[in-house]
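Written out below as structure tokens is the structure these notes cover.
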Amino acid sequence: MLFQVRMDVKIPSDMPADVANEIKAREKAYSQDLQRSGKWRHIWRLVGEYANFSIFDVESNAELHDILTALPLFPYMEISVTPLCRHPSSIRENDI
Amino acid sequence: MLFQVRMDVKIPSDMPADVANEIKAREKAYSQDLQRSGKWRHIWRLVGEYANFSIFDVESNAELHDILTALPLFPYMEISVTPLCRHPSSIRENDI
Amino acid sequence: MLFQVRMDVKIPSDMPADVANEIKAREKAYSQDLQRSGKWRHIWRLVGEYANFSIFDVESNAELHDILTALPLFPYMEISVTPLCRHPSSIRENDI
Amino acid sequence: MLFQVRMDVKIPSDMPADVANEIKAREKAYSQDLQRSGKWRHIWRLVGEYANFSIFDVESNAELHDILTALPLFPYMEISVTPLCRHPSSIRENDI
Amino acid sequence: MLFQVRMDVKIPSDMPADVANEIKAREKAYSQDLQRSGKWRHIWRLVGEYANFSIFDVESNAELHDILTALPLFPYMEISVTPLCRHPSSIRENDI
Amino acid sequence: MLFQVRMDVKIPSDMPADVANEIKAREKAYSQDLQRSGKWRHIWRLVGEYANFSIFDVESNAELHDILTALPLFPYMEISVTPLCRHPSSIRENDI
Amino acid sequence: MLFQVRMDVKIPSDMPADVANEIKAREKAYSQDLQRSGKWRHIWRLVGEYANFSIFDVESNAELHDILTALPLFPYMEISVTPLCRHPSSIRENDI
Amino acid sequence: MLFQVRMDVKIPSDMPADVANEIKAREKAYSQDLQRSGKWRHIWRLVGEYANFSIFDVESNAELHDILTALPLFPYMEISVTPLCRHPSSIRENDI
Amino acid sequence: MLFQVRMDVKIPSDMPADVANEIKAREKAYSQDLQRSGKWRHIWRLVGEYANFSIFDVESNAELHDILTALPLFPYMEISVTPLCRHPSSIRENDI
Amino acid sequence: MLFQVRMDVKIPSDMPADVANEIKAREKAYSQDLQRSGKWRHIWRLVGEYANFSIFDVESNAELHDILTALPLFPYMEISVTPLCRHPSSIRENDI
């Protein structure tokens, strides 16, 4: 079951650089694990913004919530979630 | 080069059903041709809305504009375009 | 799996009253069937508005989309969908 | 008498973790007491957000205001209140 | 129990003047009956707009909904409802 | 001459409680003096919000501005002012 | 007593040109009479828009409302009103 | 050449009062010099807000920008600029 | 003196194609005349939208207003105007 | 390939002046290098605002993202990007 998620990151300007870097390193590892598992299907950067559009493939709303709130950057993000479903014109079997 | 595009369809309520159906049939064929060519990578329906999120892979802004304005439903759509680029955490080689 | 849905109804002012009444009667029957089946858990009227807040319990995004787009009033509605999950403070076992 | 309430929580980033945890523990206990009493009928988490949709069943506007302003997290919340009433299509006797 | 209600009137430009006048006359009579009964405590015009701010004193959300949807101009209004309660600084016993 | 005023209070989270309490006490006294004088006709709390809707009866725009900017909480408020006039359907002689 | 008023004109596209011209001629005469009387102090066009910013000098909210609702173009306007008062830095005696 | 300018002032709450007062005194002197020169034609206070509407008469966009960015309060303001021109109904020769 | 102008075109869906085409042909000729004269410096299409961003170089606000309101498509456009001036980092002598 | 970019600068009020000046000096040098290379075609100041409208000519979305995120002021900017393409009425060969 697919969801589009937009995440905007706002790291407080007074966070020390090494703290920020450590959080970002954990975020990257966490994201790549989920990508490898197939849960986090796509992640794209928005040009000129510290933000991404992502596509998640999860079993339930609850699973998506657990994934998102466990993001190391979650406390510094604004997140919006849009449920998706198969488009009748799609030719891709797995875009559902 | 990737772009996210959101399309909201508003067909006038006084359009005869057969006219609307003929336009929608052409829209579907046009979309599927572009999907097969690889230009229109993804198309998803937003749950509960007559709208889609799509991902296009084009050579240039101009190519995307030509594709979008040639949509049979273009006169009845609101379209917003967001340029994307590779996310540094992405593990997919072709998500660029 | 639960979703909150807000529906705002805008019936065109030039629709004949009997046509509107027939659609509304079908809408009511359709809604009550889904309520009896447990898919449409709650429906409340917003005070002073021709609109409702509803809670749906469905298997998937796709099922919700099919239910909503089959509403007899669907062509005359604006719909927004918010995915929900269990709140950690909830004491109700089935509010998930 | 029913009200839908949306609460968005914004805890200041410089609040010490133990202070935050103590407030959240009181919030949970307070919420569960009100749920058991029937005043706070439902509480759902919005997927991906530190926010909830709730349904309250109170005697009056004043009672709802007293309940909301006594929330331990009230100083850190944005709250919006929507009065509800029975929907003519509802089949649930107590959804009023 | 008090509610603030804002009503914005948008009469279609193609409604014949006598039809509009007849509806407005019924609206006025209906409003004045409710004012005399004490249900509709105040009604003020917004300067330069075809709109009003009103204060209603009703027993319940349901009563307010019934009053508003029975307005002769209801099909041509946008209405927003804000529940009120006594302000701790108020010196007026009946502003509750 | 009547004006509707909405005031939203945002006290900085780092203001010491005794400072805040002293300002609020002065605010209450100031408001009640103006209520007794007839200048501040009504004040209602918005349910669930640290905000009020008020009705002022003043001689001029300038008098209203002087009253509002002298509020002890003025530096911590967002204020919006809407000029009102008598509604042609009003039956209250003094609602002007 | 001064008010800033913004007026945006939206004449229906199906209004015959001679009807529109007749209304605009009456609007101009009406506006110029009020300008000569001193009630309508200033009127400026917004560049590129069918809209104006105006300054009115009236005795009361009610007088302003009467002036605005008597505009021949009133049924085709969106109007917003902002009450003004003397700025403490102003050197113009009559800008009050 | 005329421009309407709205300025909203937001002085940080932690600025010492004497610093704020010194800036405001310079702001007032600067504004009055420009008023006397005819560049700053009008300045009005918005009722209930720490904001003004002003009319500037300048030779060019660049001159207006230089004037605005030299305001002592400029770092603490939000400014919006609207270019104006003569309204065809205006009877004032210099309102251009 | 430079201005950025955004124009969004909304041609009514019931305008006959030949009428629309004739207006668009006049619009194009008019635009190209102004481009050749140097008044209309740039015009770009927004990807996926029936809209343009343009840069105008005019003597005054009034000249810009006259140019814009004489556009054959003016009655079917929404226009927003932003005054520009030289950026201190610009290396282009004529970008002023 | 052209993009319009709007940048709004918000430097924290507690940044020391010499730090801010050093960043601004690097920003200017960086911008001018890109202007000389032809990548940053235009940069204009918005009158009265600490913001610019710019036109970039880049090979790809990725190149634009790299340019923007390397801006010395990037952490203090809000940036919005609009893809452009040649307008069919343009007479400038290089406005593509």
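Note that the chains are named A, B, C, D, E, F, G, H, I and J in the order they appear, and that numbering of residues resets to 1 at the start of each chain.
Just so it is clear, a contact is a pair of C-beta atoms (placed from the backbone, for glycine too) under 8 Å apart; a residue touches a chain by one contact, two chains touch by 3 or more.
Protein identities per chain, from UniProt: A, B, C, D, E, F, G, H, I, J = Muconolactone Delta-isomerase.
Remember, predicted model here, so these are calculated numbers, not experimental data.
Interface comparison, C-D versus D-E: the pair with the greater number of contacting C-beta pairs is C-D. Inter-chain spacing, taken between the CA centroids of chain G and chain J, is 40 Å. If each chain is reduced to the centroid of its CA atoms, chain D and chain H end up 45 Å from each other. Chain G has its Cα centroid 28 Å from the Cα centroid of chain E. Of all residues in chain E, those that touch two or more other chains are 2-3, 45, 47, 61, 64-65, 81, 83-86. Taken together, the touching pairs give a contact graph of some other shape, not a line, ring, star or complete one.
Across the complex, chain B is touched by residues 2, 4, 27-28, 31-32, 35-36, 42-47, 52-53, 82-92, 95 of chain A. Residues of chain G that touch chain I in their complex: 13, 45, 47-49.
Listed in rising order, the residues of chain E touching chain C in the complex are 3, 5, 12, 61, 64-65, 68-69, 75, 79-81. Here chain F touches chain G in the complex through residues 1-3, 60-62, 64-65, 81, 83-86, 96, going by the rule given at the top.
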